[in-house]
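In what follows, chain A forms one complex with chain B and a second complex with chain C.
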Partner chain A sequence: MKKKVLLMSPAMFILFAFAIVPLFIMLYYSFLSDSAVAKFTLENYINFFSKGFYLKLTWKTIKMSIIVTLICIVIAYPMAYIMAKVIEKGKNLILLLIIIPFWTSQLVRAYSWLVFLRDGGVLAQFLNKIGLIATTDMGILFTSKAAIIALVHIFFPYMVITIYMALEKLDNSVIEASKSLGAKPIETFRRIILPLSRPGIITGAILVFVPCLGSFVEPRILGGVNGSVIGTVIEDQFFEIFGWNFGSAIAFILLAMVLLSMGGMSLLLNKEK
Partner chain B sequence: MSIGKTLKRIIAAILVLSMMMALTACGGGKEQGSNQENNTSEGEKTKLVVVNWKDYGSDDPRVIKYFEQQYNCEIVHEYMASEEELLTKLRTGGLGKYDVVLPNASILPVAIDEGLFEEVDTSKLENYQYIFDKFSTLPENKKDGKIYAVPWVWGSTAIAYNNELVDEEIDSINVLWDEKYKGMIAFRDDFNDAIMTAAIALGQDPSNPSDLNAIKQKLIEQKPLNRTYWKTGDEWSKLFANKQIAVGMMWSGQAATMKKAGEPVTFVVPKEGAIGWVDYWGVVKDAPNKDMAYKFIDYMISKEFQLQWTVSGGPAPVNSEAVNALDKETINEMNIGEDSLNKLYFIEYHGEDVKKQWNELWQEVKAQ
Partner chain C sequence: MLKKILSWFYTAVVFIFLYAPIAVLMAMAFNESQYNALPFKFSMRWFEALSQNTRLIDATKNSIYLAAITGVICVILATALMLGSRDTSSKIKALVNSVVMLPLTIPWLIMGLSLLLLLRALGLDKNFVMLLIGHVVISLPYAVLILSARMQDMDKSIEEASYSLGANEWTTFRRVIFPMISPAMLAGGFMAFMISFDNFVLSYFLIPTGTTTLPIEIYSSIKFGFTPEINAISTIILVLSLAIIGIIAAIMGSSLKNLIR
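For the complex of A and B:
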């Protein structure tokens, strides 16, 4: 047993050297002052909480992430259900199709949305042809809607896969028992399938919500003048003014929020058990 | 012990070994690289080491060939990806290694203060006398009345518009605040450009704005009029080509390139003024080949080089003779004449505190 544990050492080494150590270096930076001789200070954290607009942006980012997560659940659940319980063949093909977009860069995908969503672009012209919109202007690009659409596209595969795995484990005989006892399909879903697949939904929600909080590429490229989120503030600190100290402090505030929300969600999960 | 366990032990050993080999291989590679560098430096010709941006005038093969034949030397380019990187290069082992480098106002005062540059003896530069007067008044390349870097090329961030969509002659910066173009404007997402532009529109000194609150209000007022903020030149080109924007802030260099490609773009330096930038050549402290460095800079600011680069799409020349060699129409169209030049407010060096303050102001505008 002890020797098997040793096998973990390369992975642990990589994790420690390239994730944990840099994390503590950033934590150290977040407590440094910008003065010529860097001193320990809480200034960076105080600055964040004393400026109203940073908190406003944080709240905006949280709202955006919640919306993205909810949309992901709504579109991923039926898909995962059909894959797990309805169809027999072609599951692997669908899974492959879901995973393929992962192989292209996030930046490329954001730029594809730029072409697809713009006024007079591919989608606008198509909708105009079939008579759904009167002009070829949609007014979606360069609003927060565009950023949300792109984020849903990027993160919903996590949701599909986790819900699919939860449903796949669900014993069919339980569903049949419910049916044979006279439950209507809706009742079966509400009282049997949904509660049993909840761990999958919650895991999926964590996998979508958390990276969404830190996203900056999609809001920056697609969100227009209202594309500012907490991720773009951090990006600007690092790339525009080399404000590592303040940038690290914001990043750690974000990390604290992530840990809190994950803690909350795992409480939800434990309650299930 | 079972065979399974032995196997696992072997795999673990292989993993650890291969990781160690990967690490040592990296180190070894580096060593070999620096050895090679040393070998080439033992050539009999004078070697001039230049640090510049890639594809930025001095590394044009024709230019290098001409200069190398003229002065029997060898030019070696090293490239930088940012001004900060250049500063780091100079601070960490660059002295005594590089001869000529290309800083701008964002790092020059710091670098001069730290003694990273040689004082420039302008009497050794034949072409120095032809440089526009405006440049002699800029503070960034001087310290205690001594000159430490030679202006090379300049450009501006001003207004460009689509002359097919806009049927008036634009000559004011207030077009960016014009309700008529609501939804067709593209302001730049850059704290320095944003604050300087708003200061120019408000009649404040763009380098030392007196009322930052008014600037914030002015920028917030401008915000809803945009289609979007742009960051990279590529974003601007796409918005322009798709007719999603009619007017916006733009760089002189890119506007010239777009015009050359046949786009219906007009570039103006508005009457209130616009943002300007300068790239300077500096001789690095303890440069191995100072004499050759002077010859190189003298060639870089010569009429023949500057004219040739400008007409083939380069930035604006500092050499007045090079500009005068062009006809009036071209000068106006390219906004490289002395009248355009004198309208510019050149980006000045700001300390960390000012940068932080400006960046925060811009974040606040964007967060509204």
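For the complex of A and C:
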């Protein structure tokens, strides 16, 4: 037993001291005032919740994360269904090809959308040639749409994998039974397939929604002047304004949102099981 | 039949969405135009410019250095952790698991900030050691995941045979366990290397003044005006990442399936 503790302790110590303890230090700073002699105060939190700007910002961040999550579900569900139930050959290859971009640098991918969505860029010229848009201006870059597209691009592999795993477990004979009992395809989907794959959707939603809440690179690079979300405002507090205590408070509110949404969705998931 | 055709069509559309921006990015690295503009004219000038750009080269060296140390430390920590925790009670296992996976659930933004605040609380300046610790903390879960995926496939009876033949723990580790898990250790090390090499957020908050890493350089170039040199370096990064994924996949083989269970 002693040996086991000895083996486990280095990793556990590092994680405890440098992942858990710092969060409490952050909590501590979030209650400090900015005055020359720092004292304990609720000011930072009151500031956040009493100003319309921050509440709007919070709602904007949540809305963006919800939109990204919903788009991911809509795109990923058919893909996962195709992999699990339609094609027989080449499943693993498709899975691999979906996961690969996931393992490439987040910054490089954000940058690739910057190049791709540019006014007069490759996509704009292509859409112009086939007559979908009148000029070679896209008008997407530096709006929140661009940030949403990039976030979907980054996180939807998660959603494909979790839904795929749920559908893969779903026994084909259940679907056959529904069909032979006379259910239309749409009814089979609504009453059999969708409910049985819901745990996959919820797990995927956790994996997409939570990192979206804390994102700041994509909104910063692609979202333009109006692209600010909680993440970018926290970054500003620490790097531009040096309001560290207030920044800590916002970061802690973000952490609370992350933990609450994870907890809520895990509850949903347990209900399913 | 129609269902199959529609399925392949949908798959193709998804893949275009996934790969088109990356493909355009890479193509533009070989395009003469300074503004990623068409028409396409083949040129190596951005790679040549890159080879002269000492700032980016230094940043790359720093990133490799940091990622290599992170990789080694993560492998050692993860291996010890897995060996120590595998025969413990399910309660301890659950505790270990939730602590190890914590850095995966907390946004990196918050991890970076809280470590910055730890430095302030300790009265220290930003330094290399804290940067390294930050990278270790966020890369460790991935190394652990890879190692545990492999260890699930390990046959316990071989180890027991070693003990019953009179080998002590050290001999058993050296001659039985280590040869069995060393490929996974290598794969876990590469994984940690890649996570650290690509990481921008942690470095952004913890990098000591005056030094830089590749992702930080890319970020500031994107923010303050960029040239296709960024396309060129991105292309190199993408190719390298693909190579590392290939290595990890080759080493792990069938154990990869344990990862997404």
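Throughout what follows, the second predicted complex is superposed on the first by the 254 of 273 C-alpha atoms of A that agree within 3 Å, B and C clash if a C-alpha of one lies under 4 Å from a C-alpha of the other, contacts with A are read in each partner's own complex, and residues count from 1 in each chain.
Note that in this section a contact is a pair of C-beta atoms (placed from the backbone, for glycine too) under 8 Å apart; a residue touches a chain by one contact, two chains touch by 3 or more.
Since this is a predicted model, take the numbers as computed values, not measurements.
Undergrad: Determine, under the contact definition given at the top, whether A:D236 touches first (chain B), second (chain C), both, or neither.
TA: Only chain B is touched by A:D236; chain C is not.
Undergrad: Identify the partner contact of A:D119: answer first if only chain B is touched, second if only chain C is, both if each is, neither if none is.
TA: first
Undergrad: Quick one: name whichever of chain B and chain C touches more residues of chain A.
TA: C
Undergrad: Which of the two partners, first being chain B and second being chain C, lies in contact with A:P78: first, second, both, or neither?
TA: second
Undergrad: Could you tell me if A:K56 is touching chain B, chain C, both of them or neither one (first, second, both, neither)?
TA: The answer is first: A:K56 touches chain B but not chain C.
Undergrad: For A:W103, using the defined touch cut-off, is the partner it touches chain B, chain C, both, or neither? Pick first, second, both or neither.
TA: Second partner only.
Undergrad: Could you tell me if A:G224 is touching chain B, chain C, both of them or neither one (first, second, both, neither)?
TA: first
Undergrad: Of the partners chain B and chain C, which touch A:A19 in the superposed model: first, second, both, neither?
TA: Second partner only.
Undergrad: A:S248 in the overlay: touching chain B, chain C, both, or neither? Say first, second, both or neither.
TA: second
Undergrad: Please report the chain A residues shared by its interface with chain B and its interface with chain C.
TA: Dual-contact residues (chain A): 3-4, 6-7, 10, 114, 118, 120, 220-221.
Undergrad: Using the touch rule from the top, collect the residues of chain C that touch chain A in their complex.
TA: Touching chain A: residues 3-4, 7-8, 10-11, 14-15, 17-22, 24-25, 28, 36-38, 76-78, 80-81, 83-85, 87-88, 96, 99-100, 102-103, 105-111, 113-118, 120-121, 133-134, 136-137, 140, 144, 169, 194, 198, 200-201, 205, 215, 218-219, 222-223, 226, 230-231, 234, 237-238, 241-242, 245, 249, 260 of chain C.
Undergrad: How about chain A: which of its residues touch chain C in the complex?
TA: Contact set of chain A toward chain C: 3-8, 10-12, 14-16, 18-23, 25-26, 28-29, 75, 78-79, 82, 86-87, 94, 96-98, 100-101, 103-116, 118, 120-123, 125, 153, 161, 165, 210-211, 213-217, 220-221, 231, 234-235, 238, 244, 247-248, 251, 254-255, 258, 262.
Undergrad: Taking the complex as given, what residues does chain A use to touch chain B?
TA: Contact set of chain A toward chain B: 3-4, 6-7, 9-10, 13, 34, 51, 53-54, 56-57, 60, 114, 118-120, 142, 220-221, 224-225, 227-228, 232-233, 236-237, 240-243, 246.
Undergrad: Which residues, counting only chain B, touch chain A once they are in their complex?
TA: Against chain A, the touching part of chain B is residues 5, 8-9, 11-12, 15-16, 19, 84, 190-191, 223-224, 226-229, 231, 235, 238, 242-244, 352-353, 355-356, 359-360, 363-364, 366-368.
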